[in-house]
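For reference, the structure I am asking about is given below.
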């Protein structure tokens, strides 16, 4: 199907409306020279992805993204930036010099081309089947606790470990520094 | 739903142990009790492993031994392979804890949390051995890796340790992302997260460009875990910077976890895609062996040397995968290759743990890991020097110490195919093992042949560090005994490897 | 005593020393006397057992493996614990246990620096097990393991107790301690060889699967020899496998281009180390040729025999000439080993039963003779604190007995008829006149003539060595010094060797009686006689 | 809706993330870029999930786990960064070289 | 075990039939070699403690051997000839080319030839041993001397009792070693040990040939037993073809071996130097043992050398070598001042006679000369020894006029010289005459076995060489006698007659020197012929049935001429010093004095180069070529490691280097830690990944 037909379907317009800002925001995340802005741009991208999930009918995932990412992770990032007193204003030295940037750009662009090419080669014009209804959250829940209970438990341990370990590392323990520093 | 709790018992016990450790820590008793609890838990975990393994000889056991216990619709399987590797993980973690106790206590570290994290990571490894779908595999892998990021930085005051943690972390998350991207593609193309499903689809449709990318990304994600060249860069720094027991843990458990991923994916999920992973791992094996060995020759720091040595050993462990490049490799050959990898992993675990045990003992005594400072060790610490020689000779693969058999099965697996490429890999491996002899011998030489450096008066060394923690002594005894017995009776370990190879069946 | 025949006797002979090593290590460092006694007891026990084996041995059927057993060992690769004793391995087994005992006796009062009897004895005993095991192993992997067991102990012996003088590598102008250079050289050389040897073994293993009745791959030497007899290996396959094995064994022997580790190792090693190296370790290689290469790859052996023969003879002449240039007594003896092993290899290269008989008696003779020579060299440098022959003149005057024994041994070494050394040389030359039918007669006869010239050169360097060391007036630097002539421990260690040298020389049946039938059988099976 | 439009978007974001990882000097920024990559992965998963009409909703569940794990990793990462920052005994931004990895 | 074989006595038939197997004496003859060997070791271990310091044992042993020898000789000569062969199988080592087991045997031969040798070695040996007691009195290594001396005789007996080539080699080398010990007896002086080594090595060169010869003959004949070999030669057998195929080379190699021991030109150089040993050693060595071994070997193998199609071509070489030795070495004797050297060269010349005879196919004649020569040469040496003992110098220029002081020595010496010169009716005359006769017969057209093209001509030429030799012999002996015993005494101190223990042996030997020849006077007695004729395989040589008057006269004239001219030059009324100068012929004299420069050639042309440049070159090769490769490989590997590591470090370095400075958070630390490496790693990883996928897709897709 050609571009015309593609544009004739409304969802695609919606898609474009969401996707293009996402790409722009994504670019800013890696390009902007302001730490805080970068974080906010990331938020935009994630929000976009959430929107896309709703578009394809994966509500639960979408809301989780909003909750976990925008609700927690982003805040975490902001805290991190605050605590480490990273420059809140513009900081041109936020990225490596141009030489590095160019080579990195080449690498990632080639990566994009190869992967994208492979995708087109693989799926061509295959369309996502029109889903009768969105995936029911209940269904997700059932699967989660029957089929995927093990990973669920595991991930809980991951989080616990991250939490406890994070605290231990991040906290200032008295006098540890100088004694340890010697070793 | 009805779950086969017998099959899950090891995970359950281990999970409870993890929590128990945490609780003990809160109780505010002497910290090393947490370690004791952890050790006890690990020990307890062995029991169900045995009952599962020796099932038919036990009356209460319903299913015959070796039979696959398929859980959760095939996303979680308890078979001989997973049992053997769980045993390996639990055992090596046990040793790792033994190594830690003295070290951690002395260094004023956060003990309870330390053991908690180690055990959590081990828990992940154990789960990994049974994972048969991408989700479980990924999550388990993250559980293995996550805590190790933190543990690498456990020597909080030491910038080197911090560096180690950060480097490890950044490379880790990057490769995790790559891995995930690959998994997503594999899932998308094959339409299933389950190994069985993936295999079925590939069997029917063969591969495609996108699938190739997916598979490669996935495997490369694991290549990072096993620190195969060129994904090894983090290894030496992290090994050197992290607390040495953590290094030991990384070099054995977390590395082996990576190999488990490679094994299950290659021989099950991507069983039909041999022409993809065969060449890939062939290349990685050749690179890892060669680069790892050549660089190790130059090392002056013993931990760093072990880092490169473990890269090289990783290469040796990868060699059997190279069998897959042979188009006419029979199912038998592939099973042999699988057997070889598993056997190598088992022996490697024992001897590498032993090597690190000695290094920790020496570090504890000399407060240095410079090989030059270890000169003349035999004059004031003959026992330690002897053990050093023992384990390094084993790593070098000199009969009659365990290592030789690992190398042997490795050679055997690739030579058996009679394929040009496979044989070429064998020859590369031979030359590399000769190179390896040199730097392992160098350490032995320095410990035995060289005079004590003037800087350190031998008298001081004599009384210094006589207090090897009992746990460390225990670890040394276990590993030393292990390498000797396995050296003379490699049949014991070969059996384990033999039963494990069922996973590779059905080619 | 059924248990004795069915493997226990042999296993005990092999493993007692290892147990002894454990026992020695268990004894506290201070208690040296106990360590010595323990070591001696275990070594002696092993020797006695081997003698009992030799007595019980059924010489009527020397071609069959006796006292053997066949147990499961590594089922995963179908490698089995197969041991056995036939006419070929019997003399070598006895030799190894014998020399071990003498080494311990000698060490009693002669400890090399740094003084550490415990470790030293333990290493000797481990060596003993490795050596004895190699001679009885009938499974390639078992053989390989034993073959390698000797490696580490010898590495340590050279490295720890070795010669501490500085040497400067030619060309590269790097100087290092002799022991360090020699030890790593020995280590890497040997491992390099054995790595290829292992590849060869594996190749055989995998090929064997296609030919055995039950399709089982096997490492059993007997089974593989049977296949070899049937000539199942392809020519190119066989060629490469033989090449791999050749590399592994030739390094150990050592044959001409691969010999350079030997002079350094022998010179640097402590006395007992050199003795064990020369007396036993070198034999592992030659024995492997007889036990493995020839029977398993007979056709390839015929293709390779000329090359081996040529290298052997080159080695003879080359070593003799090198000896003439030595100023260091021990180094001279070391080089002479290369020459003598050349005769052994020449015998093997003829692929005739005469030649192989010659080779085996040559091994035994070289074992006792060169062993004794190294003992003497060790004791002399222990007294004079130098091995420079120029400075040792007139030793005969200062230490008549030692000088006498030295003269005797030198005579034995140059192949004086009536002493052990003669048979190896003469018989291998004799065999070279009538090599196996398939081989080029003219070539081997030429080799015979050159080899005969080699005997002249050998006489030359040994006589000149005696002239420099024993004869003339003692140099002024020993003026007024008192030198203790041969002491009791030395006498106890050397007298038996002297007796054996004369015994074998006068009555070669001591060796031939055991070997001949086995060798004839071997040749007949491999090359159709 | 084509599957590819989602995939290409994912690939693009992923490549951007890679670019970021390679170019950012500040550890936090690097971590941000990784999050970007993970977001791309999630898009892939969900899109594929719908595309193959997976009865097990494997893709969505996978995405959920990815989110959780990502959160954990952010936590870990920030903790490490914080630790390193603490070992600089100074608030002077110019000395925070370490973070400008 | 003991397979005693009265070998083939019946099977041979013909001439061998009437021989007896010697009964008990023969079957017990193994004692002859064994007793001395045992005694030698016994003296080493117990000699010092024994009353006579070992001399007792030694002389007792020799007495036993002598007695045994005399009895056997008598039985063999005057009774039936004895042919007996005993053998003990000591090993079977593989199978020979004919599929038969290869036996190694010790054994003992009791036949005419070996019995004659027993007799000679025993009798001469006994006398020399007795004499030695006096001569060696007060020597530092008195006991040791007798031990090795006994070993010397014992080795010779092993040699002559050998029934097979291998045992012959054993005895052969034992003699060599014993000679090495004895020549180097005074090893404090470097020259002596060098002389010993020279003797040993020269012999070893020949022995190498002997090895090869023995191997060739033994293997092709299918047995190492002389009896078997001769059987194959004479009667023919399955292996005859094989043997005759290699007979020439085998025979030649064996002869080269013989040349070594019997000091034939050009391997004669060791013998004169062997004078470094004590005089009794020289006496025994030159008379009965060692040098006779070569001749004995040829005699032992005689049928092989005689029979067409086997070794007969070799004889043309043998005879030429013999003739050369005969004349050339005789001439050297003319210019020697050292009395022992004179005798030594005369020995060489006489050995030349024997070998020439053998070459001419004269078995009996050759051995007969060996027999007689043994006595008078021993006599002469002991006489010389007695003189040296008296004047403490070897040089005739320090002697003169000794006949007044030591009459017995003088008279016995004169008798010996006369015998050597071949004056009727002394022993030397008969044996030399028989040799001349045989040579002339070989030169005669009717000789049944002329050995080569134009052989007759060669032989008849050599006949005159031999005659000339007779002349030379007489000449230098006259010179020796005169310079020693006549004129004025030029030495120091007061010479005196030697003790009885030394003079009695002289007298005894003098007696033999007179009568020994009478047992084989052509046409009158042929005891010796009968005696040495007792062989398993009959030796069909020619020996004169009646005196060849012409040759006898020619020989005598030559001898008398020699004496006459000798007398003319060295005679009493001539001023010896002036005569000496006249005697120094310009070119010839230096040539002779330097022994034709052969020794110099060997030393400077062969030995020194090998010991020096060649050996060093090889050693250099070892260190600078082979080890260069080895060490080079090692260092190269290290170098590569360095490079790769450097590359690796470009990504990784910094932290480790910093680690040294890492204590205390100095800003220097920070600058060190400041490193963007991690992203380089990341870059590597991503790049590698992209490359891999691109590569794989390229390979799998297109």
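The chains carry the letters A, B, C, D and E, assigned in the order they are written, with residues numbered from 1 in each.
Here is the rule we go by: a residue touches a chain if its C-beta (ideal position, glycine included) is under 8 Å from a C-beta of that chain, and two chains touch if they have at least 3 such contacts.
Being a predicted model, the structure only gives us computed values, none of them experimental.
Fewest steps needed to get from subunit C to subunit D, stepping only to touching chains, is 2. Note on connectivity: the fewest chain-to-chain touch steps from subunit A to subunit B number 1. The greatest centre-to-centre gap from subunit D, using C-alpha centroids, is found for E.
Chain closest to the overall centre, judged by the mean of its C-alpha atoms against the mean of all protein C-alpha atoms: C. The greater number of contacting C-beta pairs, out of the two interfaces A-E and B-C, is seen for B-C.
The most distant chain from subunit A, with centres taken as the mean of CA atoms, is E.
The geometric centre of subunit C is 34 Å away from that of subunit E, both derived from CA atoms.
Computed from the mean C-alpha positions, the centre of subunit A lies at a distance of 70 Å from the centre of subunit C. With each centre defined as the average position of its C-alpha atoms, the distance from subunit B to subunit E rounds to 74 Å. Rounded to a whole number, the gap between the C-alpha centres of subunit B and subunit D is 27 angstrom. In subunit E, the residues that touch at least two other chains are 634, 665, 673, 676, 678-679, 682-683, 686, 689, 693, 697. For subunit D, the set of residues touching two or more other chains reads 3, 7, 14, 17-18, 21-23, 25, 30-31, 47, 51, 56, 61, 65, 69, 72-73, 76, 79-81, 83, 87, 98, 100-101.
For subunit B, the set of residues touching two or more other chains reads 135, 138-139, 142, 146, 150, 153, 156-159, 163, 165-166, 170, 174, 209, 212-213, 438. Chain pairs that touch, as defined above: A-B, A-D, A-E, B-C, B-D, B-E, C-E, D-E. The part of subunit B that touches subunit D in the complex is made up of residues 133-135, 138-139, 142, 146, 149-150, 153, 156-157, 159, 162-163, 165-166, 169-170, 173-174, 176-177, 180-181, 183-185, 187-188, 191-194.
Residue ranges of subunit D in contact with subunit B, taken from their complex: 3, 7, 10, 14, 17, 21, 27, 30-31, 34, 37-38, 40-41, 44-45, 47-48, 51-52, 54, 56, 58-59, 61-62, 65-66, 69, 72-73, 76-77, 79-81, 83-84, 87, 98, 101.
Residues 96, 100, 103-104, 107-108, 110-111, 114-115, 118, 181-182 of subunit A touch subunit E in their complex. Against subunit E, the residues of subunit D that register as touching in their complex are 18, 21-23, 25, 30, 87-89, 95, 97-98, 100-101. Looking at the complex, you find that subunit A touches subunit D at residues 6, 9, 11-12, 15, 19, 22-23, 26-27, 29-30, 35, 38-39, 42, 45-46, 49, 52-53, 55-58, 60-61, 64-65, 68-69, 72-73, 76-77, 79-81, 83-87, 93-96, 100-101, 104-105, 107-109, 111-112, 115-116, 119-120, 123-129, 131, 135, 139-140, 143-144, 147-148, 151, 155, 158-159, 161-163, 165-167, 169-170, 172, 177.
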